[in-house]
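Each of the two complexes below includes chain A, the first together with chain B, the second together with chain C.
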Partner chain A sequence: MANLQGSIGEGALAQRRAATARDPMIWAFVAALVLLFWVPELILYMGWAKFWIQFATQVFIWSLFAMSFNLLMGYAGMISFGQAAYLGIGGYTAGLLLKNIAGLSFYLGLAAAPLGGALAALIIGYFCVRRTHIYFAILTLAFGHIVYLIAFKWYGFTGGDNGVIGIPVPGWITEPTFANYYKFVLVISVAAIYLLWRIVNSPFGRALTAIRENPERADFIGIPVDRYRLYAFVLVGAFSGLAGALIMVNDRSVYPDLAHWTQSTQVLLMSLLGGVYTFFGPIVGAVLLRTMDADITQNYPEIWQLFLGGVLVLILFGLPGGIVGFIQERDIGSGDDHATRTAKLLRLFRRKSWMFLGGALLFTTFFSILQSPGAWLLPRTRVFEPFALATWGIVPCALLQLVVGAAALWLLLRRVDRFNRIDGALLLILPIAALVLHVYLGTPLSGLLIVLLWVIFTVYSLVQADFRRAYRLGRPPNGGG
Partner chain B sequence: MAGFTADVLLVQFINGLFIAAGIYLVASGLSLVFGVLGVLNFAHGSFYMYGAFFVFTWIGFELGGFWPALLIAPLAVVIVGVATEVVFLRPIYKADPLYQLLLTYGLVLMFGDVVKLIWGADNQSVARPAGLEGTFPIFGALFPSYQLFVLLPIGISTILALYLLLNHTQIGNVVRAATQDREMVGALGVNVRLLYTGVFAVGAFLGGLGGAVLAPMGALYPGMDFDVIIEIFLVVVLGGLGSMAGTALGALIYGELKSLGILFVPDLESVFIYVLMVIVLLARPQGLLGKRVETSR
Partner chain C sequence: MLLRVEAVTKSFGGFVAVRDVSLSVERGRTACVIGPNGAGKSTLFNLITGHLQPTRGQVFFADRDITGRPPHTICQLGIGRSFQRTNIFPRLSVFDNLQIAVLSHQRRTLNMLTPARALVHDETMALLDSVGLAGEERSTSGTLSYGLQKQLELGIALASEPQVLLLDEPTAGMSPQETADTIALIGRIVRDRGLTLLFTEHDMDVVFGIAERITVLHQGAVLAEGTPEEVQSNEDVQRIYLGEAE
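Our next item is the complex of A and B:
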């Protein structure tokens, strides 16, 4: 609310304008753009599969989709269960225009996609934003389904389940390494994500958060609640349409599946997994989910939804703030004295470290069960060699990790309030060792990502200023601190 | 277009009643659970699907064929439902309703793949019970016997049974009180946990019964859960979430629109219900018979 009141006062508004005009985040975006621009060259130079260029392209498109969705879910508190509809509408708008109007400029066709998405969102949103929460969820789901049905059944216009195929795209996109298209998508996504960043930090974005927190109060202080919610819905529809068109160009075809509810599920899960109340969380969610998709859908398509549902339930019970929210979670505005805050902080760190150990074990064991089902005690095919961990069965391997990992973590965390540099280094070595072990074991990429997040969490905690202060303050007064 | 005789309209009207009875069976459970627990259960469609597949499995056992399955399949669904409630829903009744919604959504995904793992991804079918495969003439028009002698009576008796249970028994009093004010019911000494589990079990039973009764009328396939959940959402939004009479009215309107609409605009009959829903939402946001909500939340 403090922010909101600040944005209403005239002087504060001018100050905010001046601040956003010199938004330092733009340099972070430019730096990310410049760094990521050369990823295809790196992949080709290292001789990795071209698949990874396509994979990275998809990650960026989905990041854009998930972050725009999170504007709706995280900032405005409107959970849409039918967001794939606008993905589909964007894809079909651009696809049908390019296919049916000969000589239409590619860029013009692409530019029509966000307009199509916004228009559809305006019409559907007009009815949906009148109701909140559960009704909003039902309505978006129902309208999303009807968009899918139209795409699926209207053979004369959309081609039904045959889709629209052979959509003409410029020659530079079809270049065999996909590097050009990667760069094209990268520039568009980063620009769009920067735009989203500006939107959520504008007075409009603050007003959306105020509406999420307390609609009546927002109404009383003069925010046009329904109209702002509609604006947000239309904006997100436009971004989703753009993402849909980018997917369409990637495949050079568009099928009703693009508007199917499973896509809505995925974007919902990306937001939740990364962290609903964080801006960059959905990127982490998109990277993780795309990687898991590559790991699981390719080899075990029959359990993909089971896995998605399981992850969703696990997040809701164990990780309500998502991964980024989990890493960033701190007890800041409380009125506790230093000693209490220190104790709380350290307790939180201990608990989270254990959760990461548990999460890493859970995921990697899950994948090892998938990779060699039935090999509970000994692998079926290879000969058992006591010194090659990869030939161990699932249960002994998991038990070994559990015992060694838990013992190491327990020893380190015991000392966490008498912390020095060596302890910090040891604390960091544990997840890094786990990472190395799993590279050696051949754990799929998505299992590795969980362990990698553990490393990131530990680094983040150790460099955090109030955490370091907590160590010093945590020493008993007679301990020479 | 104006060439329809009264006969055709009557036939389509009765066909509409069949659709309404089927959708009511499924939707009533969802509405009841929402009214008491305040949880919009996405997984209700899964209960419907499990009801249908349990009938399929039971018939495979050859222990008395279809008729016992009408009771056994819903009871098996009750077991699934109670386990779901105790394990997943109980810990989060105090959480944001949207978290409950997301949780049941996650359950839909899991239940859906479990069906694929157990019964395979192909379509299955259940034969109509002996003697009811054919049609039955009324006033010279032919109606499918199964719908006429099984679906419609079960639908109507469910409406009656729910009405009597809710309005003329002590349990019904408690349940209705809980739809008005859950905290107060708890404060008056009612075991709210047990009440919730019981109501959830009844909801799961109704969903399973809907699946079991509708099983012989169409293909069973993974994904039927999602198709039906959209339909029952439309019905309960139309009638008013949590209102049992509203659900019956919504189901009736849904069935008639679908079956009469096909006479006038074939292909687009499913759009009618959306148009009507939009009109209802503009005029009466709480649904036809729904309670007026005080706040916008």
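Our next item is the complex of A and C:
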């Protein structure tokens, strides 16, 4: 190896060293930080509800929680069902310290949360990391529930189900527009997520990936597998603790619910939804779940569960890589050149189109149920006009959409390999038509979702020459065109 | 003796898979363990590399007792191995497979902040070339042909710059051409790096072509030991093993 390094010029070596230290992604993070920093001002200026500032704050916190969780699940291959425990421990650590120690600096209290999370993860992880797969999952679940029960039952210390309330926070946080706290959380979570980014791309992150892929082989390239699993568990415990403290400050109180296992499943869902083998996937999952949660849970708790179940089943069967994973799939491909990979993606899209249709229908039906609950066969007005879709009941409307959507997909996909200009036009018009239809039906949100998915799946990819070639002409990659 | 196995026994429940086996390999030599399926060859390898704990007996590496050490320690001490069932990181690229092995060998895997992308690039590429995988660095390793996966696994084993290389059936499932290529590759690497090689193999041409000493296992016990000529002329071996196999 030494002679090899000698043969490379000093300059090239220095250059490589510099490239090693630099990470271009930092600019993406800085850009995100700068852009998002002014969102509260935008919301206030536009006169939108202040609720959205608070909502965005929660999305950031949950993104942080979900992404740190995904370091375990996606990178290290450790599926923890008890991650809420560290969220709760972080919240309680900061909350109890701030509440009980008069004059304790707010920032010190906050800084104690990741330490608390890490310490708990160290103790619990010590017993869990030796086990793998289902045993690991069950053990983390069990320990997580113990943490919840301690928070719930130990009235003397945690206040039990009364929670810890009235936690003192600095005045600037309680400022009524909530913009200050938004910015505080934004800075912390972007910084923490950037740290996570560095970790997953570091040699340590590679070691975790190797452990996920093949623990036996990882062991025999000299990586102490159990110890590295424990390190990962402790790290994630710290990030989760931080997220828990941020939630605590958000509510200025902390309840045992924070550590409840349902929170653990939320974060699991976010990762699955967005894509387990992607870094940014969990953000998408967090945004989606928090949006649905904010919109729907309060008013329609039963439907919410049903809907969530439906989405999950669709994702697991249709897009096992999650949403972001699906988009990236072509990049994970083999040594194929780009055109071949794109053609493969198309074929994949054709295979998955039923799931796409199912998802769209689910959204539509769901939103129409929300809009006029109970109007299964007839509109609530009981006046049915065949040519006014808005007067159709939910079931006939869904059936109609199923037929139209299936026909459209069939038209589009019947000859993926030999596509003509009319098909191309259809491809562009269809999502717009869908949007118009849905606005007309009074379910604009689902129309938007359809368009969004459509844009991601196709139009976004059409920009690329290779894709266009594969889709329109379908010649073999060396066939030119 | 660089590697010495002393009277190791391994039983699974009541079943004795390896019975009182002793074996030693001198530095720089090539030794082979043969025996019919189920003779205990893989089990013996697992006992040496710490994947299994011997019921009795000891393993020495460079006069150091390594019995019962965990696999990662044994790897760090200087024993590299391949597995009978190909054992790579299937969803990682070829480059990443080798890079993580090099990083681990250089004890850099606790680094949590430096981007790994550009680290040990040259070492990894040199290793990639030396096992004949030049040009495949971006392929997903699990999609490679069987022969190339075996080559990759060899590269992973070499990344830790071992003194002893243990190869468990390196040509199993290969076509005659692939077998010849693989053996040539292994021979070249062993010569260039001055490695000590211990391998198991079912192809007798290969065994008698490159092994300097052969140990024959039968039902977990050593049936014969010696130079290829000695083993070939051993009556027990001819009766029990060579006769059946050919």
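The criterion applied here is as follows: the second predicted complex is superposed on the first by the 349 of 481 C-alpha atoms of A that agree within 3 Å, B and C clash if a C-alpha of one lies under 4 Å from a C-alpha of the other, contacts with A are read in each partner's own complex, and residues count from 1 in each chain.
Everything that follows uses one rule, which is that a residue touches a chain if its C-beta (ideal position, glycine included) is under 8 Å from a C-beta of that chain, and two chains touch if they have at least 3 such contacts.
The model shown is predicted, which means the values in this text are computed figures rather than measured ones.
Enquirer: Would you check which partner chain A:207 touches, where first means chain B only, second means chain C only, and both and neither mean what they say?
Expert: second
Enquirer: Looking at the overlay, does A:199 come into contact with chain B only (first), chain C only (second), both, or neither?
Expert: In the superposed model, A:199 contacts chain C only, not chain B.
Enquirer: Quick one: classify A:217 as touching chain B (first), chain C (second), both or neither.
Expert: second
Enquirer: Of the partners chain B and chain C, which touch A:23 in the superposed model: first, second, both, neither?
Expert: Once the two structures are laid over each other on A, A:23 reaches chain C alone.
Enquirer: Which holds for A:168: it touches chain B only (first), chain C only (second), both, or neither?
Expert: Neither: A:168 stays clear of chain B and chain C.
Enquirer: Looking at the overlay, what does A:127 touch: chain B (first), chain C (second), both, or neither?
Expert: Touch status of A:127: first partner only.
Enquirer: Report, in rising order, the residues of chain A that make contact with chain B in one complex and with chain C in the other.
Expert: In chain A, positions 216, 225 sit in both the chain B and chain C interfaces.
Enquirer: Flag every residue of chain C that touches chain A in the complex, lowest number first.
Expert: 49, 51, 70-72, 75-76, 81, 83, 87-92, 96, 99-101, 103-105, 108-119, 121-123, 126, 136, 138-140, 143, 156, 159-160
Enquirer: Which residues of chain A touch chain B once you look at their complex with the stated criterion?
Expert: 79, 81, 127, 130-135, 137-139, 141-143, 145-146, 149, 153, 215-216, 225, 261, 265, 268, 272, 302-306, 308-313, 316-317, 320
Enquirer: Touching residues of chain B toward chain A in the complex: what are they?
Expert: Those residues of chain B that touch chain A are 40, 88, 91-92, 97-99, 101-103, 105-114, 116-117, 121, 226, 230, 233-234, 237, 241, 267, 270-271, 274, 277-278, 281-282, 285, 295-297.
Enquirer: Okay, in this complex, where on chain A does chain C touch?
Expert: Listed in rising order, the residues of chain A that touch chain C are 1, 4-5, 8, 16, 19-21, 23, 198-199, 201-207, 209-210, 213-214, 216-225, 228, 332-335.
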